[in-house]
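Below you'll find the structure I mean.
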Amino acid sequence: MSFSTFGEIMLRLVPTGQADRLSTTSLFAVDYAGSESNVAVSLACLGNNVQFISKLPDNPMGQAARQSLDRFHVSTENILEGGHRIGTYFIELGSSIRPSRVVYDRAESAIAGIKEGEFDWEHILKNQKWLHVSGITPALSKQCAEECLLAVQTAEEMGVKVSFDLNYRRSLWENSDTAKTIFNRILQHTDLVFGNIGVLKDVYGLTFNGNNHTDQTLDALRKARHVFGVKQLAFTIRDHSSASVNQVGGAFISGDEPIISNTYSIEITDRFGTGDAFAAGFLHALGNGWHQQKAIDFATAAFALKHTMIGDIHTSSEQEINSIVEGNISGHVIR
Amino acid sequence: MSFSTFGEIMLRLVPTGQADRLSTTSLFAVDYAGSESNVAVSLACLGNNVQFISKLPDNPMGQAARQSLDRFHVSTENILEGGHRIGTYFIELGSSIRPSRVVYDRAESAIAGIKEGEFDWEHILKNQKWLHVSGITPALSKQCAEECLLAVQTAEEMGVKVSFDLNYRRSLWENSDTAKTIFNRILQHTDLVFGNIGVLKDVYGLTFNGNNHTDQTLDALRKARHVFGVKQLAFTIRDHSSASVNQVGGAFISGDEPIISNTYSIEITDRFGTGDAFAAGFLHALGNGWHQQKAIDFATAAFALKHTMIGDIHTSSEQEINSIVEGNISGHVIR
Amino acid sequence: MSFSTFGEIMLRLVPTGQADRLSTTSLFAVDYAGSESNVAVSLACLGNNVQFISKLPDNPMGQAARQSLDRFHVSTENILEGGHRIGTYFIELGSSIRPSRVVYDRAESAIAGIKEGEFDWEHILKNQKWLHVSGITPALSKQCAEECLLAVQTAEEMGVKVSFDLNYRRSLWENSDTAKTIFNRILQHTDLVFGNIGVLKDVYGLTFNGNNHTDQTLDALRKARHVFGVKQLAFTIRDHSSASVNQVGGAFISGDEPIISNTYSIEITDRFGTGDAFAAGFLHALGNGWHQQKAIDFATAAFALKHTMIGDIHTSSEQEINSIVEGNISGHVIR
Amino acid sequence: MSFSTFGEIMLRLVPTGQADRLSTTSLFAVDYAGSESNVAVSLACLGNNVQFISKLPDNPMGQAARQSLDRFHVSTENILEGGHRIGTYFIELGSSIRPSRVVYDRAESAIAGIKEGEFDWEHILKNQKWLHVSGITPALSKQCAEECLLAVQTAEEMGVKVSFDLNYRRSLWENSDTAKTIFNRILQHTDLVFGNIGVLKDVYGLTFNGNNHTDQTLDALRKARHVFGVKQLAFTIRDHSSASVNQVGGAFISGDEPIISNTYSIEITDRFGTGDAFAAGFLHALGNGWHQQKAIDFATAAFALKHTMIGDIHTSSEQEINSIVEGNISGHVIR
Amino acid sequence: MSFSTFGEIMLRLVPTGQADRLSTTSLFAVDYAGSESNVAVSLACLGNNVQFISKLPDNPMGQAARQSLDRFHVSTENILEGGHRIGTYFIELGSSIRPSRVVYDRAESAIAGIKEGEFDWEHILKNQKWLHVSGITPALSKQCAEECLLAVQTAEEMGVKVSFDLNYRRSLWENSDTAKTIFNRILQHTDLVFGNIGVLKDVYGLTFNGNNHTDQTLDALRKARHVFGVKQLAFTIRDHSSASVNQVGGAFISGDEPIISNTYSIEITDRFGTGDAFAAGFLHALGNGWHQQKAIDFATAAFALKHTMIGDIHTSSEQEINSIVEGNISGHVIR
Amino acid sequence: MSFSTFGEIMLRLVPTGQADRLSTTSLFAVDYAGSESNVAVSLACLGNNVQFISKLPDNPMGQAARQSLDRFHVSTENILEGGHRIGTYFIELGSSIRPSRVVYDRAESAIAGIKEGEFDWEHILKNQKWLHVSGITPALSKQCAEECLLAVQTAEEMGVKVSFDLNYRRSLWENSDTAKTIFNRILQHTDLVFGNIGVLKDVYGLTFNGNNHTDQTLDALRKARHVFGVKQLAFTIRDHSSASVNQVGGAFISGDEPIISNTYSIEITDRFGTGDAFAAGFLHALGNGWHQQKAIDFATAAFALKHTMIGDIHTSSEQEINSIVEGNISGHVIR
């Protein structure tokens, strides 16, 4: 199955070692990641043909970003070369009640600075089955928003299905209304929406019935289906036992009634990239033609498993995720 | 607000990497810390004018200790230069039921070897609002004990308020009676006592009513107020869910009845410096003239937050601590 | 007390740093370990005379494996020198629901390639009290199995007691029947068996009554005694609160009825070598002539404590383990 | 003596570990440096009162840059807070014939984005003896060039002496004529010029007589004095034995004839910040009123010594530099 | 231009950190390399279409070896999957007079264990211009030797040119006669030989006229041309100033008389992979149709440059190598 | 052959990583070393029976120091347990003209604090052939000096030969006369002296004829033989090409005329422990009964080789040193 994802891949810098604050560290661990490239890498690790579409500068960090995709067999053929810098973000990893913090330094990045007409979408999307975009890319610049729209419109015209992850990064938008306007335009061309109740509250001001996050999510799926006019929606669910232990699940609606997955109790290592792992897992399941319950179970297991790994990127194999689906969650050593 | 703290800052050596025992490590992470300098750094990170008073040798490790204070704008002007060595301590960090261990190598340190008259307290304490000392410094040497007394007496005479943290390091004292004798002399000049029920049991042999640590702490505050003859006492509270998860809180008495803070359930990263974070948080609150409940809430949030950070030193900003006070304890990523 | 253990010590390679998968790491932490050498090191750290019997190549990694034993005063006099390579294993440490994985690369190792007659067991076992073997060594090669049998037979003839840890590594055996056949031959010469309910299910197809692992283990001890024809059996018990928190215990049978130890709730750092720590603790207790309850309590405390340490090797002292037995499990700092 | 330096301090990222290319590294060593802040730090380590004038964003990296100055007692009082990002540069350290490479990512930095009137130079330069600027800052933005001019003009009016390091960063300028125009305007207010024959060739198109770099530098000093209309010029000299071993020296002109320092043969560890170490050494000597020969000898020893240290920053003490001046260059251990 | 290389890629383990001996290190830096894959990576970094042909096990280290090629766009399509282990080698890096040591652990590797008929050479070599093999692969096993012959025979028949690097690893062969016999058979199908005077002495017992290595190499080229019956030979030249500084060059013969390149004086960082860098540089030049002098100059610059980089792998771009050819060898910083 | 060495083994802390100054490092590499223990370890690595005699505290660092000897089979049976701390030293490694610096923190160490009668020398020296001491131990405390004397006297009486390394650590002595007085008393019982011309100048005020260090050393050997009244003296020779490249050699006198070894030109990695490597090499040669020329050649090769290794400790095997003696000094890779 052939997937395309479009967005920004950034230089990711995280303090390493004992003094783990951004302001006191003497070493940064280096990686390259971004929501849409994370989805691409995970899909490639699951055995799919994937390309990532973006723009990167012609300097060593731009090359390293490409190599970080090439090593997992994500095609980088349609990553344009140019611009002056790679977007960068700094992470201070939290622990227990202390939150993780992200400092973005992505203004004036290569992708943010694209001009009209740089991407030839008809050429790029030839022979693709799915195009995946997220709510982050349209926030990067006016042209990025236009390009997202053009991409999903072209996809629709070419019969390429569109999935849209409703990622909402507050600090990248003027206000939530601006986001909503653009999200709505993208949703008109969308076949599958990824999200959670948080973004529906923050961007759409919706409220949900239910005594817990699972029930609220089921209600949200039913409501969002009508608000968005999209038939298929797959949402993640997260309940907090404590700051370090969460119960995580997933739910999906296609016909009238949503279905839900198993729930996993997870000691969290890293929250980053978990939604991307969910999206990749779900797209992989759809691409394989798995039935709905198997699809949401697989995506949720991927979502849960990613919480146990450091870094934005999810490299688990289909077999590793299926082992979780099958209930091997006691942490016994595999020899 | 101007604060002074007096004590020892030491070279702190902690094994890093896979083999984390003191006897097998091949790398020590290097830091400089001590109870009173920790309070100073935290107060400086909260935006106060702070000086640290001590003595350090004229060698690279002595200079590094100074720089570790200078970088956070703690004044090092009244740190004497001389003596032969910096006090050193080695830490083996515990995990779950395995306790952390500290090996002190602080005999013959520069501050332990001070002679009468080296510190000109009237000059040092000019324009200061608070002098903070702890129960550790008087244990270092006979002259250190004398110097603590002289400092708090001079402070009292000059109208500088005195806070005293009842830190009791068993291995530094001959027996608890020696400690009690000196503590009592210092308490005569003290305006504010920091402590917990442990030290009241160990040094004063007191017992407390109550079915849990919170109730016992409230009882302890009422009793200690009379035993010590000090009007204001702020105590930390710690209950164990397990070795790695604690419920932590704080309580304060000024008038007749103690008040208590929220309780936090914390997955512990590092127990070191948590009492110092509490003391600094409380002094900061007093310095700002915040009301009692706000003060104990702020100090307790600082206490809880420090448990999630590696190292003795607490560098959180007022905003970061207030975010905990406001209930943002689910560990969500801040972007 | 003089103990001998016989088996393989391997090069142990574990990814270190942020990207912690075997396929993406840029650094391996280096150590040398194996079930039987782990038992030897722990016994030596507890103050016993111990020798480890094996074969290692004459190259730097073979020398390093020896040095890793010499440093803890395990005698390496009866480690033969020869063969072409040291057995190697790679570990991917798990977290929460993600399991740890071991990739063995131990084929054609020096010990696997031994020929008949290389070990002079009568000479080797002179003046020894106990010989400890495990179910791993006989799986390495046909001659390794023969050598295990010869060793335990010679031991029996010489009055050296034999302990046998029923370690079953599925990937090293053709099938469980092959393992059972050889295990049974070794059991004929065994005085003390270490194990758990898992191996009895996997190799012997036994099932046990009881609603929890503790009751099932007690039932297993009673049954296994008859099946194996061995009088003394010491088993570990493990219940899962979650993938990262386990309740661990131990039980022992000698007369008619088994006795059980305290149970510990443990946040797991590393599962490797925990059974070896239990065996070493129990042998140490027997060697000291401690009564049965004290023995199983000590072994279980060692078992629990090892879970809190990184690496296969358990270097805790008798005093550190006894402190756990005495109930010091709140994680307070020891200064 | 009171010194001010004005410019940009950047986040400095250098690959560490075995794979040392920018495109393949997994770790960046973190530091904060820049030509003018390097001069400030070195002057502070030599015991002077120094302030660094700049603008930094209100984020953890901006704070870390401040702390990197505070720790050495460089005053950061006149560093403005604002803007969106800290300038960043990436270094690939060379070796032998392989050159070091710098990738700048400093566009849109806080200091580049300053607006007219943000700095109150009369206030800032009060009680200062020297203002030090370099040819880098005017290349950052149009307003940065204006600010440099305003600073040196104000300094001249206030009787603060001006030193100007003719650093020419080709990639930051449109062409060398633009640089020359601005350099000339600054030179009108300059008391002391730092440079070398390279910049005089590249920017001014000058050529020099002499068979070696020393003779050419002496010729350059005589010529530049007239071209620039500045009385005092101190130049570094570098001859190549090989790519890793250089002969380094210094020369100074004040009256008619230049004087030269000793020459040092240096195995190079790091070329970065060597010119800054020279400038700081010379300014320190002037500040102390040392005679010319002593001044150029001290500056050259600092220049040579910096080549043996990793990083942009020179932290040697006056005593360490004087030891080189005195000829202790055999590398014997000091105990 | 399309290149194929055939051989083994291994797990490369090198001690890192202070204690840099194989027997005492606590960390191994991890990489994947081998003579023929090194040539492939360098050719890919120079912009060519390259595939590497081999066999790797289906485990994380096998996958990592593939990814190390994929990241540089070396095609891994014709790497078979199977076998039990990846060949491994350990390096102890030397310094000055202390030699580097390699400990091979490559017996029973996946490639060594191939069976007849696993590679379909006609399919594999379709549309290729060059096949590159070395003297290492035929030493790995009898079938590896047969496969090398089959590969070069098939190449010859298909019109694919063959280059053969006369790498001679003494410890992998019974004796030099065995090597010679197989080398001679491969040479019958070879268009281009890479080598140096060392291998001609060791394997062919040849001696050469000349007072230095350059003259001896020229003599060797003339002689070897006749002995081998191969028209084109490109040899590296190395003279020792000291153990850490070498003069390196290259020479090539095609017509009657050899031509030689510039010589470079190099401070050596790492000798590994230098011959592979030379071969890749020369093949790249041939592929581009550059004239002979340009080819040998480029290859020699690549050879020299690789000495300044850590690791077996040469990732320099065409531009970086050409900069050396153009004489930019003073080590100046490029900004 | 059985050797004993007596002295102090210390905790050795060296900054690691990019910022390599003592005052700015965030990591210390940990090792345990000292002149006399270095000699012991090297002798053990050469295959001899060796014991190290000292006193160490009963804490993790004391245990680690023992283990660092045990791992190389140096007997630690006669290391007393007691005292409060282990001596510590900090090293700042130099480069080129920048000297290495050592900061000692060894006052009040366990060995410095020994009391009369703690060592039973007759028991300790039973069956020993050589006792090795150095000029460092008598500088540690009055009792240490007494103990050295008692040791060498007892040795002489028991027929154990005594070697004495004239190590002179200026900072540990009041003045050179005190050193000379004690050195002279030890020399009365000495069979073999190690040294160099530096110590003869510094402590004995001798001057030597000759135009280079080799000639001066030969003169020194002739003179020192009479001054000391010792028949055998082995001296190291060092000439400076530059700070990083030295020519090193050795000379020995027994009969009338000294003999000299080959000279090696060495790029220096680390100067520490080189004299200890020389002493161990020479004692090993004597122990083997090698003739004088072979002995001084072997010792000098060991001396040279140690310069290429990081750390105080020399772990080369006899074969590795002999390879240098045989002239394999070009740095070729050994596979």
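The letters A, B, C, D, E and F name the chains in turn, as written, and every chain counts its residues from 1.
Just so we're on the same page, a residue touches a chain if its C-beta (ideal position, glycine included) is under 8 Å from a C-beta of that chain, and two chains touch if they have at least 3 such contacts.
All values reported here derive from a predicted model rather than from experimental measurement.
Matching D-E on over half of contact pairs, by residue number: which of C-F, A-D or A-C?
Matching more than half of the contact pairs of D-E: A-C.
Taking each chain's centre as the mean of its C-alpha atoms, give the chain farthest from chain C.
Most remote chain from chain C, centroid-wise, comes out as D.
So chain A and chain E: same face meeting same face, with over half the numbers shared, or different?
Same residues, largely: of all residue numbers at this interface, over half are found in both copies.
What is the distance in Å between the mean C-alpha positions of chain B and chain D?
42
How many angstrom between the C-alpha centroids of chain F and chain A?
For chain A versus chain F, the centre distance works out to 62 Å.
Among the residues of chain E, pick out those that touch two or more other chains and give their numbers.
Only 16-19, 21, 23-24, 26, 29, 31, 67, 268 qualify.
Across the complex, what residues on chain F touch chain B?
13, 16, 21-31, 59-61, 63-64, 67, 84-85, 88, 90, 92, 103, 105, 107-108
Chain A touches which residues of chain E in the complex?
67-68, 70-73
Which stretch or stretches of chain E touch chain D in the complex?
It comes out as residues 14, 16, 29, 31, 245, 264-269, 304-305, 307-311, 315, 323-324, 328-335.
Quick one: which bits of chain A touch chain B in the complex? Just the residue numbers, please.
Going by the criterion above, the answer is residues 17-21, 23-24, 94-102, 104, 169-171, 240, 242-244, 268, 271-272.
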